[in-house]
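Both complexes shown next keep chain A, but they swap its partner, so chain B is in the first and chain C is in the second.
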Partner chain A sequence: MELVRNFPFFSIMLAMFSGPVCSVLPGKAARVVNAIVISIVAILSAVLLAFLMASGESFVFMMGHFPAPWGNEIRAGVLEAGMALFFSIVMLLSVLGGIKKLFDEVVVSKHNLYYVLVGLMLSSLLALVYTNDLFTAYVFVEINTISACGLIMIRENGRTIEAAVRYMIMSLIGSAMILLGICVLYDLTGHLLMSNIKEQVALLVADGSYPEPLLCTIALMSVGLAIKCALFPFHAWLPDAYGYSTVSSAAILSSLVSKGYIFLLIKIIYRVIGFEIYRGSGVIDVLFIFGLAGMIFGSVSAIRENDVRRMIAYSSVAQIGYIFMGIGMGTQFGMVAAIFHMLSHASTKSLLFISAIGLTDVSDGSRKFGPLTGSGYRNRIAGLAFAVGSLSMVGVPLFSGFISKLLFAEAAVTLTGRMLPVLIVLGISTILNAIYFMKTVIRIYTPVDEVNRVKKEGYEPVHMRQVPLYGVVLCAFVILNVFLGVMSDSIVNLIRIGLDMFA
Partner chain B sequence: MGSNLAVNYAEAIAMVLFATGFANLLLQKNLIKKIIGLNIMDSSVYLFLAVKGYITGRTVPIVVDGVTSVEKYINPIPAGLVLTGIVVSVSVSALMLSLTIRLYRRYQTLNLDEISTRLKKEGL
Partner chain C sequence: MSRRKTDEEYKKTRAYRFFRWLSGEDEYYPDETRMDMDLLIPDEDESTLLERMKDKQLAKEKAYDEKTNSLLRIFNKLYRIVAVVFCIMLGALLVYNASYLPPVGAADKATNNEVPARYIEKGIEETGAVNIVTGMILDYRAFDTFGESNVLFVATITVLILLRLNKKEDLDKAEQSDHGYEPKNDVILQTVAKFLVPIIIVFGIYVILNGHLSPGGGFSGGAIIGAGLILYLNAFGFKKTERFFTEKTYKWVSFGALTTYCMCKAYSFFCGANHLDSHIPLGTPGAILSSGLILILNICVGLVVACTMYTFYVMFRKGDF
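For the complex of A and B:
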């Protein structure tokens, strides 16, 4: 067996054990260890991706010494390796972008604990991406929840603890539903490995036996995961959790945690239930409708918000709505668009959170729109990055957001019944996005009497030379965004190959 | 339908418990009651699994008197799943309780809605 086949296992274990190691190191060393581990995971995933592209087929890695129906398995295909690579890059950039701000936000003696949580988060995300066993997936969903809760509450003020409690309550409801769904599915099929379950489910459907329990388990797992990634009616916890936690946490939570759950849902659709059977159940229509509703209501809430970070958080609700709309279309095109939007949203939303913190810092720490006026001149790199992120979210060509909107529209044209609602809602949502993002961009580039303001109110401009790492991270995010926008053809091709390997 | 319910009464009880715990976790204002609801909900899933794994007339899968026939024992996997689930649920409950302690120390109340309104007043 080639060494490269061990890489999924290596990256999960490396990320997981970096946690305990960080807990006994001083903060500075923990930071270095964490950055190195995430980089190694990214390199391993890149090598794995190259290997899989060359070999052209996915492989299954046996955990322990028990063969298929009994043992636990890891499975790696192009899509999994690509996701792992992307997740680790975004995670690295998010952590590095918030390092300087972390000193204001978290007590210095607790910095090493922050990196414990980041390591755990990365390992659970990787496990969700790679696992081929449903119960393992459940366990890592819970680990993901716990580390996300830690990332929210580590900035100890009343607001974040309350947000963490609300986050936990919704997440626990979601994971209990997932657990119940998995248990019912286990009772129906007698298996926990995804590929075995799929065979049995196909037999059950061909037989016509147990239609109601099967529908129940599909609904329980889908709704449970939808609650956990804050699909529209379940998003009440989201603005507080994203808006008040530390900046790295907000970037990681919005761009990666929800994507891990969505990826698990896509795996369940393709590898556990089977795409055709899933489409035949009514659940996919429910996801479609709530996705459409989320696109509108998330944007409306964002327009009404007067706090820039909560505004970005509400925009996440709308973007999650886009992704679920893509899944709900029930075609291969829709799914490709949804997966591309996962990438585009992850790279853009973390860019927005990290650049917003640069803007609020030069505005006396205020997050209201009034003091932010002209902040794009006081911190030029953050202003530029925020503008790029906003343009991408609105869907201006050259950036990734444009490609995902284009893919959604193309996917909608091939549908017969759902074309009109998709195109109309896509149009309305784009206009709403433009209203609140362009409002902010215009606000931060409105010139004010700088000399007077700096003297009177103590607003200090910041240059890139003073915050080199922050500037580099923002540049990297902008490049990632433009890369997704310009190289979209090959990435879409990669996603197609990966989806074919799934089935 | 009625006869099915009578045969599978344990599963039905598990579902009633699940609904009870679910509603408590979602609707109660008191944080401790929420956590109790969470535990009821999780336990009901374990009851469901345990019942599903049991086969009438067979015994636990521990070999004591040299009998190795599969026909003699029940399915051990649900028990393993229940154990894993219990570990997860214990750690989650501990986390929730520690969050509750923090909030109580700060605000001297367990009512989540009251805490929210006070936070809004503070404008933090």
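For the complex of A and C:
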């Protein structure tokens, strides 16, 4: 067997191993170890992706001496390797971009614990991406939930602890639903391995036996995962969790944690239940309608917000709505658009969070729109990056957001019954997006009376030379965003190949 | 800095203007476009600021007070009723769903397939563990169990983040209040603990070491040892436990246990997946030194669980070791 086939296993184990190692190191060394581990994972995933593109077929990897239904198994295809690569790049950039803020907001003696959480979070995301076994997925959902709580509350002020408690309660309800769904499914099929369950489910549907429990398990797993990634009616935990946690955490949570769960849902749709059967159940319509509602109501909440970070957080609700709308379309095109939007949203949202922190820092730490006026002049690179992120979110050509909106519209045209609602809601949501993002961009580029500004403490301009790492990270995010927007054809092609490998 | 151009010349170049633009030093807008905005924050002295904040807080409180806001009162009542009705409906739905599931213990149930058959028939032969459950969780599905012990680890880390005190003063204060609340030198407790603690810990060690032979294993044995440590701490206080268990102990024990687990399993996964012989003898089933790596893994899991239990207790009580 080629060595490259071991890479998914290597990357999961390496990320998990980095957790205990960081726990005994001092903060600075832990940071270096963490950055190195994430980079290695990115390189391994890139090599694996190249290998899979060349070989053209997915493979399974046996975890231990026993073959699949008895032992554990992981599986790697183009989509999995691509996701792992993308996740590790975004995670590296998010962690590096928030280092300065971490020193301001977190006690230095707890920095190494932060990197433990980041390492374990990465391992759980990788395992969710690669797993071929429902119970393994559940174990890593647990790790993901607990480390996300830690990431939120490491800032240790009242708001973040409240946000973490709220997140924990909502997230545990979601976990419980997923576990119940897995239990019912095991009771019906007698398997935990994804491919075996799929065979058995197909048999059950052909027989027509147990339709009620089957519907119930589909609903439980879908709703459980929807709660965890903050689909519209379940999003109450989101604004505080994203809005008040330290900036790396906010970027990781918004761009990666929710995406890991959505990827698991897509995996369940394709590899556990089967796409046709899932489409036949009514659950997909529920997701579709919730997605549409989220696109509108998330944006409306964002417009009403007077706090820039909470506004970005509410915008996540709308973007998750887009993704679920794509899944809810029930076609291959819709799914491709949803996956592309996952990538686009992940790269843009972390960019927005990290650039917003640069803007609030030159506005005396205030996040209200009043003090933010003119901050784009005081921190050029952050202002520029925020403008790029906003344009991408609104859907301006050249940036990734445009391509995903285009793909959604293209996918909608092929639908028979749902074309009109999709196109109308897409239009309305784009306008609402433009209202609140352009409002912010105009605000940060509005000149303020200089006499009042320069006098005040906390409003001094910041040069990129003072914060070189931060500037480099923002540039990298902008490049990633433009790359997704310009090279969209080959990426969409990659996603198509990956989805074909799924089935 | 050595520069070929003079300062005057350099100032005319685009690079100079670009860097000036980037640093925000340039005149970035002409005078006529400059806006005369109000001061960002109104100038006010401390007392008026405090009053303003107080007013704001009062207004907020009034808005969320049930007595003055009848709409809120109605909403809260409605919310409770809807929540109860929703929970009852969800429960009823799940019970209704459960009535459609295949009956428990039926011979033709889907769960009675080749998977448990192999665990039961070949379990001892393939893993060397007489206790089939241990063989399943630590050999057949060891990856899941590794994830599970990492769940414990990350839970401890989260508790450390939340409860470990950051400042020295807080720590002293916690120590004083702890002394005030806890009974000191309780003779009955100390005498009982003197007898019980060794027995409990030895029993815990037995459960861990015999995990592959009899019911038990790392998770249950670790919990027993943790309970013994907590009893010891309660009877004799922190001074005695700190002689052998500090934060350093916790860090290095859990690091060592997880690293050993990770190394062992990484080796065996790698060998298994690449179809190599792992050269780990399984031994004779029933002997204490048998069943390959399971004994080592059980010890690792037991150490992690015991440390986790003890650390949870200490953190909740005092906030530091």
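The definition used in the following text is that the second predicted complex is superposed on the first by the 498 of 503 C-alpha atoms of A that agree within 3 Å, B and C clash if a C-alpha of one lies under 4 Å from a C-alpha of the other, contacts with A are read in each partner's own complex, and residues count from 1 in each chain.
In this section, contacts are C-beta pairs under 8 Å (C-beta built on N, C-alpha and C of every residue); 3 or more make two chains touch, one makes a residue touch a chain.
Fair warning: this is a prediction, and the values are worked out from it, not measured in the lab.
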Mind working out whether A:Glu142 is in touch with chain B, chain C, both or neither, as first, second, both or neither?
both
Which touches a greater number of chain A residues, chain B or chain C?
C
Applying the document's definition of touch, where does A:Ile40 land relative to chain B and chain C: first, second, both, or neither?
neither
So in the superposed three-chain picture, is A:Gly158 touching just chain B, just chain C, both, or none of them (first/second/both/neither)?
first
Between chain B (first) and chain C (second), which, if any, makes contact with A:Gly19: first, second, both or neither?
second
Is A:Ile173 touching anything from chain B or chain C once the two structures are fitted on A? First, second, both or neither.
first
Based on the superposed arrangement, let me know which partner A:Met438 touches: chain B (first), chain C (second), both, or neither?
neither
Looking at the overlay, what does A:Val116 touch: chain B (first), chain C (second), both, or neither?
second
Identify the partner contact of A:Asp187: answer first if only chain B is touched, second if only chain C is, both if each is, neither if none is.
both
What part of chain A is shared between its chain B contacts and its chain C contacts?
135, 139, 142, 146, 149, 153, 156, 161, 180, 186-187
Sites on chain C touched by chain A in the complex
21-25, 28-29, 33-37, 39-41, 93-94, 96-97, 100-102, 109-115, 118-119, 126, 139-144, 146-148, 150-151, 153-155, 157-158, 160-162, 164, 166, 251-252, 254-255, 258-259, 262, 266, 268-275, 278
Along chain A, where are the residues that touch chain C in the complex?
1, 5-6, 9, 13, 16-17, 19-21, 23-24, 61-66, 69-72, 107, 109-110, 113, 116-117, 120, 123, 127, 133, 135-136, 139-140, 142-143, 146-147, 149-150, 153-154, 156, 161, 180, 184, 186-191, 200, 210, 212-213, 216, 370-371, 373, 377-381, 446-450, 452-453, 456, 461-465
The answer for chain A against chain B in the complex is residues 135, 139, 142, 145-146, 149, 153, 156-159, 161-162, 164-166, 168-169, 172-173, 176, 179-180, 183, 186-187, 192
Within the complex, chain A is touched by chain B residues 18, 21-22, 25-26, 31, 34, 38, 41-42, 45, 48-49, 52, 77-78, 81, 84-85, 88, 91-92, 95-96, 99-100, 102-103, 106-107, 112, 115-116, 119, 122, 124
